[in-house]
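Shared chain: chain A. Partners: chain B in the first complex, chain C in the second.
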Partner chain A sequence: MSEKRNPTSKNAFPTLKESIGSLLIVLIALSGVIILSFLLSKTPSKTLRYFFLGPLQNAYYFGNMLNGAIPLIFGGLGISLAMRSGNFNLGGEGQIYSGALATTLFALYLAPLGVVGAILALFIGAFVAGGLAGLSGYLRMKWDTSELITSFLISNAVVLVVNYLIAGPFMDPSTSLIATRKIPESFRLPVLLPPSSLSTALFFALVAVIIVHIYLYKTKSGYQLRMTGLNSRFAKYGGINTRKFIVLPMFLSGFLYGLGGGFAIYGTYFSSIKEFSAGMGWNGLAVALIAKNKPSMVIPAALFFSYIEAGARSAMLHSDVTFEIAAIVQSIVFFLISSEVLFTLFEKKRRYS
Partner chain B sequence: MQFTIPMLHSAITIMTPLLLASMGGLFTELSGMLNIALEGLLLMGAFCSIIFSYYTASMILGTLLGIVCTMILSAILASVTLNLKANVFITGLAVNLFASGMTVVLSFALFANKGVVVFDNIPPLPLLGTPELAKIPILGDIFIGHSAFVYLSWLLLALCYFVLYRTPFGFRIRATGLHPEALSSLGMRPNRYRFASFLISGFTCGLGGALLTLNLGAFVPNITAGKGWIALVVIFLGNKKPIGLLIAAFIFGLADAFSNYAQGALNIPSDFILAIPYIFTLLAMIGSSIYANKKGAIES
Partner chain C sequence: MELAVEMRNITKTYPENNLRANDGIDFSLRKGEILCLAGENGAGKTTLMKVLYGLESHEKGTIRIRGNQENISSPLVANRLGIGMVHQHFMLVEDFTVAQNVVMGIEPRKYGIAYDLKKAVSLVNEAIAHHHFSIEADMLVRNLTVGQKQQVEIIKMLYRDVDILILDEPTTVLTELEIEALFSSLKQLAKRGKSLILITHKLKEIIAISDRVVVMRQGKMLGTYETKDVNEQQISALMMGKSISLSIKHAKRTDESQPVIECKKITVLRQGQERPLLKDLNFTAYSGEILGFAGVSGNGLGVLEAVLGGFIPVFDGKILHDGNDITNIGTAQLRRQGLAYVPSDRLQIGSSLKASVQENIIVGESRSFRKNGFIDQRQVTKHTNDLLEKYSTKGTAQMPIGTMSGGNIQKVILAREIERYQDYIVFSEPTWGLDIASSQFVYEQMASLRDKGAAVILISSNLDEILTISDRIIVLYRGTRVASFVGDEARNLSKEEIGEYMLGIRKQGASHV
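For the complex of A and B:
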């Protein structure tokens, strides 16, 4: 398998070329929404109004849109770290789900410990998710098994096992939802913008962006990680332990996904509901792709995706299209985001004379 | 073991979409492209063939139109990947996302239903074979009485072997993966052969997908449930050889058929049963990479 790993420039912030390219793709994807609305909806103008303006119309929708960006920021950061090291993590779905379940269960178990228990439960969840991703990294390091396929397969199996655990041994029989018991009140994060469910988890997400940025660009380990991703052979000759940078970035990638799942529980859901995180893992990947694996760009990219999702949800509530229209927009982004041609359209032709 | 023979019979039906998808995937794989879009192409084929069978009231016409739609999608995939120079892995994901979103959006737009859509005017697939043939002990019970898709897939497998190993076109497909520069130095364009192999995978996935829905007479959202990914593993496990595909696909078909029986016979939670193909695939991947690793270590 000789596929080209994701090419990214080494700058911490996007170049003009990259920004224009990303913007162009966002515009193409949004025009896809317009075309689809005209094709599928009986009232296209109403559909479009709810799609584009729905998420901004009041504090409730706006807060929920920002809240939806939180797990995407964590996922986007996780994927960026893996991609920067030349690894693919396709297991976000299973990692975020299992991290969330582990956090919920340990939060219930560690309730008497108060804040210490909350932090402990959060990190246990992140370690579970990190371990799952790290396992794929380990398999690649040991036997050169494609981490891209193993992470996907492990995740698919894990999602089913978590489904079983939520609907079986850990189900709370007192609610009509298929969900675990709710975490104690003292573990829940305060709401920032009532009546929406935007919580202070947003601040933790922003702190995570800063930490990942500093790690990648200001530490020795981050430098080695980026060098391994740019040219593994060169990095090896330079004395970098490249084997380490297969397992570590995969672990960190899953760890961040796990944190995203944990914060979703502490801030929004308060219990692991069956399939509550479905789609978050893929969206995290899409966010990293559109951010060109740069932590600083993960925030606007995550906002873009949560805007699309919120728009699709609002259009579904008020008009005659389904929520899955968001998946089509994402797929347009995926189609074009890695194109080298689109990103060099605006580059001045250099003369070699 | 009175259930072995029906189990082998259903293993053959189950393996056929896998075999078809992996045949097309073999062409892209040999031309040097990791085609993870098999999943999305199968889903597109499954949806479009039953929709068109419903509207044209002909399963043959429906299947053909379904194949055309799938080939159009694979042509888009190929042209974005090859002409816009995009990463084949990410465009493949795009196809998978597109197919899973588009099938639901269309099924809602056409039938106002996001769940299972049952089509009343679609008769069960005719099963082929004469009573005389079916009387052959054991072999007759296993190999006779399948739908035309099953026998067609065997014919296509033979054709696939012939094309890849006995025609200039096949040699060039394989050369594209092994050494594209050699091909361009002879004045041929490797991307043309890659494009052709994407179209072939669109064709076989369209056919494989048609079997999934026509066999059921209904469309279920995400009916492929990872079959495209397993087809990819079938290619690796089958050592990228046509006959290897047959063996690997049969093993997966058998595992699936067994888990169907196990679900009824043993009291195992259905989520665990559904997880079996993924775990099985994972172990197969690890096993084959350990084997490749050992072999590589000896050769070098």
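For the complex of A and C:
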């Protein structure tokens, strides 16, 4: 048994050997930035300086970079949970979007309840998103449909529905944006680092990391989830109710996405703006893959992702490149990671068939 | 005499656990000989062969192939040097045909690029005929028996024109007939000048097939012997450092014996197949008794195991545990009702290879968990270490169980199941791949469970095992019970006689209980 590649190894923290793949991807992505700058920019050195140093240069950029990592942390955690249990959740886009909308609407509705209302609205959003993901799990449990495909399809449909709701029944006619009304001031999270929009949602994201870590590695349920993901025949043999661990992890995965959406509303956007979360779901997936599904690694992976985005934004403002440079680099990362995932999937199939 | 392989002073330490699996090993293989590599579980046999096959690196030592010093950095290099290895666990693609599996990586090409499947089939069929194997190139691997899968693995190597062939415990999962067939093919190969290395724990096989035998213990080489100069006892003494004979005291059913598991006319059907897998099977497992099930593979032993483990439902009939109906309640529920069970498939069902030893130990266990749902890591580790010591298993609680040797994995599974048993326990092929000392250990454990009053159910295709330790024997043939033997009758049963029942040549009258 020479388990050389080990994408879901049991350690809570990665060993050097395991991180090499991720480090390599980070390095390739960064070299991509450099090459692209030389290709696309007339003043590459200036572009590079703003790309790499821009995000760190003042409180505004730095805060926004951290802020951008928050939904990615929630998404990355959600995906990690699902992947640890052997399930794929490709519905992050729809889950985060619908969670955000549900939170916004209930926040508006529950405004009189104050803090209680805020918490309630947040959890309702999370439950809506969790329910959507859980549905894919349920379908798999019942009829053995692929949760990978159903979560993707459901999410696509949900995005359209949410678009309709935001642009139709719930649109706020008083702004020029296609958006709902803004949630009450009292529901908004305090800003941590003005003038950036970094809010205390960051702390909630860090708490979520700790909770997911504890859940996975310290609780019985988390243990059973991991065992089901590592070898479901063994889990079943050992008396674990493996059917439960098809639905529950998918639900929790969507739940975390929903929280990510809710906190984005409470901390940053204050209203559901049409397509405001586009891309966050996919980036959450990429973050989990770089983090090798380890909660502790989700934070650096999310920071890396939002660093690239913030760098591109800064380079775009101060130099002659467009924001697409971020998109290109992120797709390089995505491509590299998914080829690695495909490789391990293929290898797994060979080894265990 | 010309040497096919000469390994000198090979030292290999696994960095993960700093374990020196090979310590200054000198090893040689003559051209055209069959050499057996023997030694207790965890002695380092597989490791040494992986070094030779380029799967593991080594820190010290040199390897010469046909006299030339070589640096074997990968199996590809090994193949190029004419070295092939058949692993302890098969590595075949189930959804491919025999031919596709065999030619994988060196597919015959049409016009230089296109995969020529027809040619592959005919080439592979040629190879099969040449070596007198019983498979056909266009069979789907999924539908093959273990013995046939093994043939595929061997053909795969022979097709690559290897002349040094390593087989890691090839006989553990084979029936006696399949072993005979395998051995005659291997002898043919040796006659044609191929050199063979065979890892095995079975003394009889060493005597039957090898020219020389190499014995390892705890990572060291004890010596190489001409097989004709040693007997079974001597080899066993060398392997274990002491001589051991497999034996066990039998128990008689007394008035205190209680029925623990009762199967009443259970029938198991398979979709799309007319003949039931099990038909009207009746039996009772009593407390304080080892009940052995014997049979040739494919006659219902595996199905019975799956039924008792809750993996497949019965179509008809009832199963009672202490009088309670437990028919078709599923594995989780069975576990809660006290099922303890050592499965025959220890790598895919009995353990989770990537999980740590302690995670493997606590599966389904309730007492090592604290009440509020949190796991008490310290207690779990302590419990695991206690078990490792009690069952003299080398390893740590934190290492992935997949990095243990085959025998040690089985000991962890045994430890877990024996510790959790309440009043009955099912053992399926409990000594596959175990060395003699470990096998004896398992038998002693089974006997002591029985003496404590457990109902022990043993399912085994190993006749010696069935005859040595069962207090009562039931023979299955084509899913039905064709014979049963109790007490002295079971004790005095000869292998030949029980073999006739197993092959369906003889059958007891219905009156026999």
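Throughout what follows, the second predicted complex is superposed on the first by the 329 of 353 C-alpha atoms of A that agree within 3 Å, B and C clash if a C-alpha of one lies under 4 Å from a C-alpha of the other, contacts with A are read in each partner's own complex, and residues count from 1 in each chain.
Rule of thumb we're sticking to: a residue touches a chain if its C-beta (ideal position, glycine included) is under 8 Å from a C-beta of that chain, and two chains touch if they have at least 3 such contacts.
All figures in this text were calculated on a predicted structure; none of them were measured in a lab.
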Practice task
Answer with first, second, both or neither: which of chain B and chain C does A:A327 touch in the superposed model?
Solution key: first
Practice task
See if chain A has more residues touched by chain B or by chain C, and give me that chain.
Solution key: B
Handout entry: Partner chain in contact with A:M227 - chain B first, chain C second, else both or neither
Key = second
Handout entry: Which of chain B and chain C A:S339 touches, first, second, both or neither
Key = first
Problem - Which superposed partner A:K218 touches (first chain B, second chain C, both, neither) - result: second
Practice task
Once the structures are superposed on A, label A:K236 by its partner contacts, choosing first (chain B), second (chain C), both or neither.
Solution key: second
Practice task
Tell me which partner A:I149 touches in the superposition: chain B (first), chain C (second), both or neither.
Solution key: first
Fill in the blank from the handout: Going through chain A, the residues touched by chain B and also by chain C turn out to be 1-3, 6
Fill in the blank from the handout: So, in the complex, the side of chain B touching chain A is made of residues 32, 34, 76, 80, 83-91, 93-95, 97-98, 100-102, 104-105, 108-109, 114, 226, 229, 232-233, 269, 271-272, 274-275, 278-279, 281-282, 285-286, 289-290, 292-293
Handout entry: Complex contact set, residues of chain A against chain B
Key = 1-4, 6, 36, 40, 88, 139, 143-146, 148-150, 152-154, 156-157, 160-161, 163-164, 167-168, 282, 285, 289, 321-322, 324-328, 330-342
Handout entry: For the chain C and chain A complex, residues of the former touching the latter
Key = 50, 55-56, 89, 91-95, 309, 311, 331-332, 334-336, 339, 341, 343, 348-356, 359, 362-364, 369, 373-375, 377, 400, 402-403
Fill in the blank from the handout: Per the touch rule above, chain A residues touching chain C in the complex are 1-3, 6, 8-10, 218-221, 223, 226-227, 230-231, 233-241, 350-353
